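Just below sit the structures, each encoded as structure tokens.
Look for subunit A in each of the two complexes below; its partner is subunit B in the first and subunit C in the second.
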Partner chain A sequence: MMSTEPSAAGRWNGRTVILPVVLLLIVTLCANAGNILPHWLVVWPREAMLPLSTAIGNGLDRLARWHVFAGITVKDMTRALAGLIAWPANLLEEILVDGVSRGTGAAKAEVAPPLSWLGVSLATVWFGWRRGGVALAGLALLTALYLLGLGLWQSAMQTLALLGVAVPFGLALGFGAGVILWRQKRVQAPALLILDQLQTIPIFAYLVPLVGFFGLGSATAILATVIFTVPIMARTTVSGLTRAETAFGEVSDSMGCRFGQRLFLILVPAARQELLTGVNQVIMLSFSCTVLASLVGTAGLGYNILIALRQLNIGRGLEAGLGVTILAILLDRFCATRSVTRACGAGWLDLGIASLLLLVPTLIGFHETALTHFPDSWRLSSGSVVDNAVEWVNVNLFWLTDDIKAWLLIHVLMPLRDEMQTLSWSGVVLFLAFLGYCARGWRGMLLVAALATFPAAVGVWKPTMMTVYLCLISVAIATLIGLPVGIVAGKYPRWGRLILTTCDLLQTLPAFVYLIPVIMFFGSGDFSAFVAVVVFAMCPVIRFTALGIREVPLSLQEAGRQLGMTEGQMLRKVELPMAHSHILLGVNFAVNMALAMLVVTALIGTRDLGRETVNALSHVDPGQGLTAGLAVASLSLIANQIIGGFAGRQPQ
Partner chain B sequence: MSSRIWGGRLLKAALVACLPITTSIAMAAVESNDPIAIAQHDWAGSEFSALLLSRLLQTAGYNTKIITIDASSVNTALENGDITFQPEAWTTSHPEIEKLLTEKKVTEVGESGLVGMDRYWYPLYVKEKCPGLPSYKALNACAALFATPETGSKGRLLVYPEDWGGNDEKRVENLGLNFEVVHAGSEAALLAEVKAAVQRHQPILTWLYEPHWAPVAFKGEYVKLPPYTKECIESGSYACEKPKGPILKLAYNGANAKWPGAYKIFKAMTLNNHEYGQALEEISLDGKTSDSVVTEWMDHNKDRWSAWLK
Partner chain C sequence: MPHVSETDMPSALAPKLQVGELWKIYGTNAERLVGNLNRAPDDAFLEKHGLFGAVRGVNFDVMPGELITIMGLSGSGKSTLLRAVSRLIEPSYGTLLIDGQDFLGASSQELINIRRHRLGMVFQHYALLPHRTVLENVALPLEVRGEARTSRLEKARKTIDLVGLGNLIDRYPSQLSGGQQQRVGIARSLVTDPDIWFLDEPFSALDPLIRRELQQELLRLQKIVNKTILFVTHDFDEAVRLATRIIVMEAGRIVQIGTPEDIVMRPKNAYIEAFTRNIPKANVVTVGAIARPPTEEVLAGILPAQARIVEVASRILASSGTFGVETADGHRVGIIGTTDILPFLFSSPETHAA
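Up next is the complex of A and B:
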């Protein structure tokens, strides 16, 4: 790494930091073995344990029964709110899936059929053609054919009915929160920190209290999705508006705009690019929640995936999973292209033609049921191709996968796990606090120390260390693989496109889909979790490395060539140092991804914090779940503080 | 949501088939037109029992909806009335149900007639390599067959997730088995591993239960442990078979007051392991839809279910 200019605070001075780090590391490792420390510094004493888990449980219970006025409890109110939230989703579901019906029980009669599949497809393709030309129309057509052909149409519409409420809701709430935070500069930093924390709490952790307060069904699913997506929208809104304000703030002031005019006519259009990134993220994250939404009693593509996996039908699981992916990509492209080519005037005509395309098949559908429900006989299926492929790999390549697994387990994973289990909490806190100081100074140190003490103090230290061990080893391997791939992707654009598209696919495909083949190859346990996390965490490393390499200024590249550097020298002396902060950011993202994924991998047999949240779910113990969730969140926050702090220091 | 499960035409066909009874029974006033929510889980048997209950209640004139829900959140929902009837509560694998019942958070409607049975299982081809099976006494000699890098020299016994209960660690210890108990993260994970091992003809020792599709789909046998006695469990040694457990029918506490008629029907409905297993097999292995399996069952058992509706 190139020499770094001493920063203003002068805390980070290149190599001088390494010695104390190593020293501290040794102290930490030896702390327990040498019995130097008193016992309470090794294992957090039972008497001093904070009863957070029971406190949360009791608190929520009391809150639910708390009377606001005249015998109406908080729970009654949240239930009413749930009805309100579910109303538009149910309406959408009637329009898209069930059709409008009157009466109940045996007297139930259909008044109007749902929108015809033909109509919806035609209208989507038409809009695609008008907005994004042949490419988007083709994508829309492909999506429709895929969903119809594989018999996923109805599930896809159910998913859309749910997300049709959750995505706008998340966008509006996130944008609103973003604008408020942008205005209130004083609370901005801590509020953003809390929002970040919110996003890293695994959904599993707050599913139990949500079900208690809001009941089963669309309302809870929508709320869980929204809680998950609001932070990212708020964050991008704040950063976009702040940037736009520095560029255009004075212009708008000099024109004497009112607040509303200033915001919506000048700053929002100027921040469009950032806001669109936010929209993209909200869509992608919302789609990634579909499987979890199916855990609380909503139907849709997520439920198809869940069912297929329970019955070990990998082919069908993959079909439904790709359905989610392709739908997410289509929606994302619609949002992305629409604002770029905003054709004026023709809008009404387009809308008219689209509604005509939509309504005519639907009206015919009153008489011809083939237009409301896609005929079963027209369906295809990949059948058992995927299952056979998995079986083939399982049977024929087993010797290879098994050897790799055995070697890594015996020589890397198990020793590391045992080592981590013996660490004393005080040593780890001290070590992390020191890194926090190097990265962010005194404030960072205090924050990191507090966050690191949290899991010990609330009594989840053991599972936390399991999570840390799996996270560390998987991110290390993911970085080892991702770095060279990212360099290739950055240097050769043609390869880059292929690699990055694969990354997109891997990330939008619901994780549940590839967990099953992973278990079949590697059995349940830490190793499977490790493989799944590596696959998942590799993508941000690749993406950010490629970005960093590509953004090396042309002048520096030229200068390097002028000096007669070889390719290897260029990489080592110019490109990697320049991309260093991007790469660190990628690693930071990878840590967050790994932590998120480790909760899901609890389902394939790890004994870490993820397992705690899953156990809490089945024991209906909101306290336990939220405590473990907060511990995961604090881990990710520690990583953000330390790695983000180092990434923030640009090499000169 | 219901139309996802009802193919429109099949519904009509079913209704026409039941027409004579429908008219006579639907005459009886239905206490409430609010939909009765029935829990349906993601195992194939639950598709069958939930759909059957829904059909029966609809025949009696009630408005029903089937809610697809994970077993992990069903108890909260039942307590709050988001789910009215839960046709399949497996006491064997969900120990927390007992707690709910003693705290009176849900109503026990009765036994479903199904009996859950948990056993240790191995694929048939293991027998050639470990000739003493199915007696558990043969296992120690073959422990190396089942060993993995993680378990070292011990054999590996794959069991259901921790929250399913089972006390397998104690059982293995007190039976003196040289095995390490490994918990799968979820049912799907456990079954995936069994399927993979069967494909590769690898030895595996695991916990399977009945009624379930897995013991039907994979050829294998149960390990014979010392027979179940009450003392063996109560003394905390667990060195015996797991007890067979009834599968209960549960209801929301307010269900009987709101839909007494429906409650009576639900109480009367019983199934047996044989027919349930058959339905399971048809749905998971033969690829039939749960809709057609239920219709078939109703055609064959008209006498039984019309007695429930009386």
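Up next is the complex of A and C:
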């Protein structure tokens, strides 16, 4: 720790004088833009606007109508492909939800009922017990009881039918892409960079063109989910295999392995841990897409959430939201738990017993419909309880929530918003470019400047600044709250476990679920969006701060204590400086999560980039959606460049 | 580097492994530049193109059953040499022959076959697969070459017994100590019954006591399996204790090849001498090497020429007389007495090699 201070001072030596001067100059330029600068430097001139939005729209349109051969257009082909993609999902849905039937209209007759809820639950619990012992079986039982009791079974099965195709598809594609990138060292770095950036484009943005090509329905939902999840799987595959190769590549060579043996016998098992993280991420991300999937006309738990959101029915919304979470956790545990039974023979026996458990209630279900469809009379709902609680809060705590809201709106949010709206684009670009230079040097400066100019040049400057304002204030508050909580979590393991588990849980909730209680308490608008984003973005700050504090080397802690430091001195002089780059990375993550959440909050009436993408969806205007999406992506890239740059510069 | 003659090796035997003018060169376009050269590279060539020679023109032969240690400080190119010889790294230039057959020119198919059947390797950090038990780890090379499950597990069990871990076959690597893990690594490299055994600093990551133990173990195993061994180490003590011959490397070149005794008695330069200085020479030097020309003194007894000083010191000191030194076939090499061995028993940094 002692050594970090001189070097930090040395690093800034040359700039200590220039820094404040330049900053002052830029801020003056920004604030008094109208008086000093010529108009075209304040507001990007209409004549110079790049018609990106219309260009994308026209381009996609032309592509869709392009004749591949003999009068068959690209669109015809994609529609046919959509049928192919939707086929397994429909089959799964028939098996799990609707039952298999033949014929149409009046001639329609049920050939077989869907799998019985009892059978599916029993088989899941049995497998849970065999794979993960009592804990996993308990979780399976709990999930089944929850979904059945709250009447979410059918929706949950519809979600599973969709994800039963999307998750394996995403995993396979991501793993395949990862293996290819791992082999092709030359394209690896740029390809990964592009994949990372793909992930920052909000899913809304490409939902519109997908609908154009693949129509409404499960094919588009599956494709959107897969596009969203492939990058993370590809990335973990590349890093897992690369790491395994450094450790075991020579061993596998020295044993004379062929490529397939090297990959599947040695590297994949050795990278198991990392690959499983990828699987976990894919499952979680896929589940978080369920609400978006319902926007393009698929049923499932996501649809329940969407309806609850539209009807402001907080109880039902929370129930469905928790349903998504618990299902995601169960599925994830099933994939992550190492099988307890290692012998080969037991597998077949398990499978036999499971099929028996599954099929017997289903077969009885031919006669006894109670086993096919869970009887309504057995249901219960927590909805009324939650609703009563909310009503109580609204009646009794109204003064508090409303006062907080009014004070923050009048004194913080609105002044900041107005200030941001008056800023000149050139001043902002200059300011960001300067930060880019400090963080990454000349190349960083040029990249940041280009990225910051993009929203102005394509005509989405105003909504972009709205997004920036909400993002800035939310991340600032999230950091203010998250930092101390993270420090506590890092320093005191007992609290840490509780806090980090809560974080995990909060992060698995689909973003939409956050909106429901927030709207109930604060109504719609900027403030609600702000609260939702703060809660959503707080988790990474807490997590990374705790990680940074925990990873302070024991030797340094001992050295500090031996010097007679107090707890406060330890924190200020040892732990925080050492955790510096971790904390910055946490803030970087928080910015990315805030940007993702802000797209979702557009549904409750903000006027930012998210709104543009949502509008694009209802107007079926792919150009508008993608342009706004790219603007969000460029914001996230700017944040990554600047914050990531500063994080990387911290002395280790 | 001139080709090293094999004076003390039985001439009837052909070398197991022959390394000729081997180079490993790093740098931008290194492969292409060397490829265009059509002759052995040299230092001028490296300098001209700004290249770095990790292994520079190395020649040596290894006879069957020999245990050769490659010795040098870190960065001397010893690990790179081992990897170039085993083609884990492709050499830039040179020849490699195994049993007189071209190994460097072997196709990737042949290379895989040779590795599966004739080469074994032990790594410094064990490189055991964490998700496999000891038994499964040791059976892996057999699995790779497609042996049936029962036969490979059977062979693996036998090999694990050989390294003394018979009771731990169902453990995972994380449940073993470092010494035990390296025994598993040794078993894995021996399970295919290779001819040539490469060991890359196998004991460097271990505690000194465990290191000693495994060195003894290696010598014991070598008596049983009788492999041709290339053993990389940075520990001169280890090299002396194990080797039939030592290759000393510096900056990618071989500076000396010889028996431990050769190197201790006649270090070629100051670099090597620095290593030998703290070696208890009585452990290395044989009485044959320091015997004086025979005179008419009364002999207290006869000593075999290949006996190390430390082995016979107590006899010499106890009798205080002079001993005759004879080779196994009864040829008198010379005589030796207390005054001759004292400098070796109490060697200090100043009194090195007579």
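As a convention for this text, the second predicted complex is superposed on the first by the 604 of 652 C-alpha atoms of A that agree within 3 Å, B and C clash if a C-alpha of one lies under 4 Å from a C-alpha of the other, contacts with A are read in each partner's own complex, and residues count from 1 in each chain.
Operating definition for what follows: a contact is a pair of C-beta atoms (placed from the backbone, for glycine too) under 8 Å apart; a residue touches a chain by one contact, two chains touch by 3 or more.
Since we're looking at a predicted model, the values are computed, not measured.
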item: Subunit C versus subunit B on the shared subunit A, clash or fit after superposition; value: fit
item: Partner chain in contact with A:Phe398 - subunit B first, subunit C second, else both or neither; value: first
item: First, second, both or neither for A:Gly212, with subunit B first and subunit C second; value: first
item: Contacts of A:Leu312 with subunit B and subunit C, given as first, second, both or neither; value: first
item: Touched partner set for A:Ala247, first subunit B, second subunit C, both or neither; value: second
item: Subunit A-centred angle between subunit C and subunit B, computed on Cα centres after superposition, in steps of 10 °; value: 160
item: Comparing the two partners subunit B and subunit C, which touches a greater set of residues in subunit A; value: B
item: Which of subunit B and subunit C A:Asp98 touches, first, second, both or neither; value: first
item: Partner chain(s) touched by A:Cys257 [first = subunit B, second = subunit C, both, neither]; value: second
item: Overlay on shared chain A, then closest C-alpha pair between subunit B and subunit C (Å); value: 44
item: Doubly contacted residues of subunit A, that is, touched by subunit B and again by subunit C; value: none
item: For the subunit A and subunit B complex, residues of the former touching the latter; value: 93, 97-99, 104-106, 108, 154-155, 158, 207-208, 211-212, 215-217, 294-299, 303, 306-307, 309-312, 369, 373, 391, 394-395, 398, 405-406, 409-410, 414, 515-516, 519-521, 523-527, 601-607, 611, 614-615, 617-620
item: For the subunit C and subunit A complex, residues of the former touching the latter; value: 83, 86, 88, 111-116, 119-121, 123, 125, 127, 129-132, 140-141, 143-145, 189, 198
item: Subunit C-touching residues of subunit A, taken from the complex the two chains share; value: 247-248, 250-251, 253-258, 261, 265-266, 269-270, 272
item: Interfacial residue positions of subunit B with respect to subunit A in the complex; value: 1-4, 8-9, 15, 22, 26, 30, 33, 35, 37, 42-44, 58-59, 61-64, 67-73, 75-77, 80, 82-83, 94, 96, 148-150, 158, 161-163, 182-193, 195-196, 199-200, 213, 284
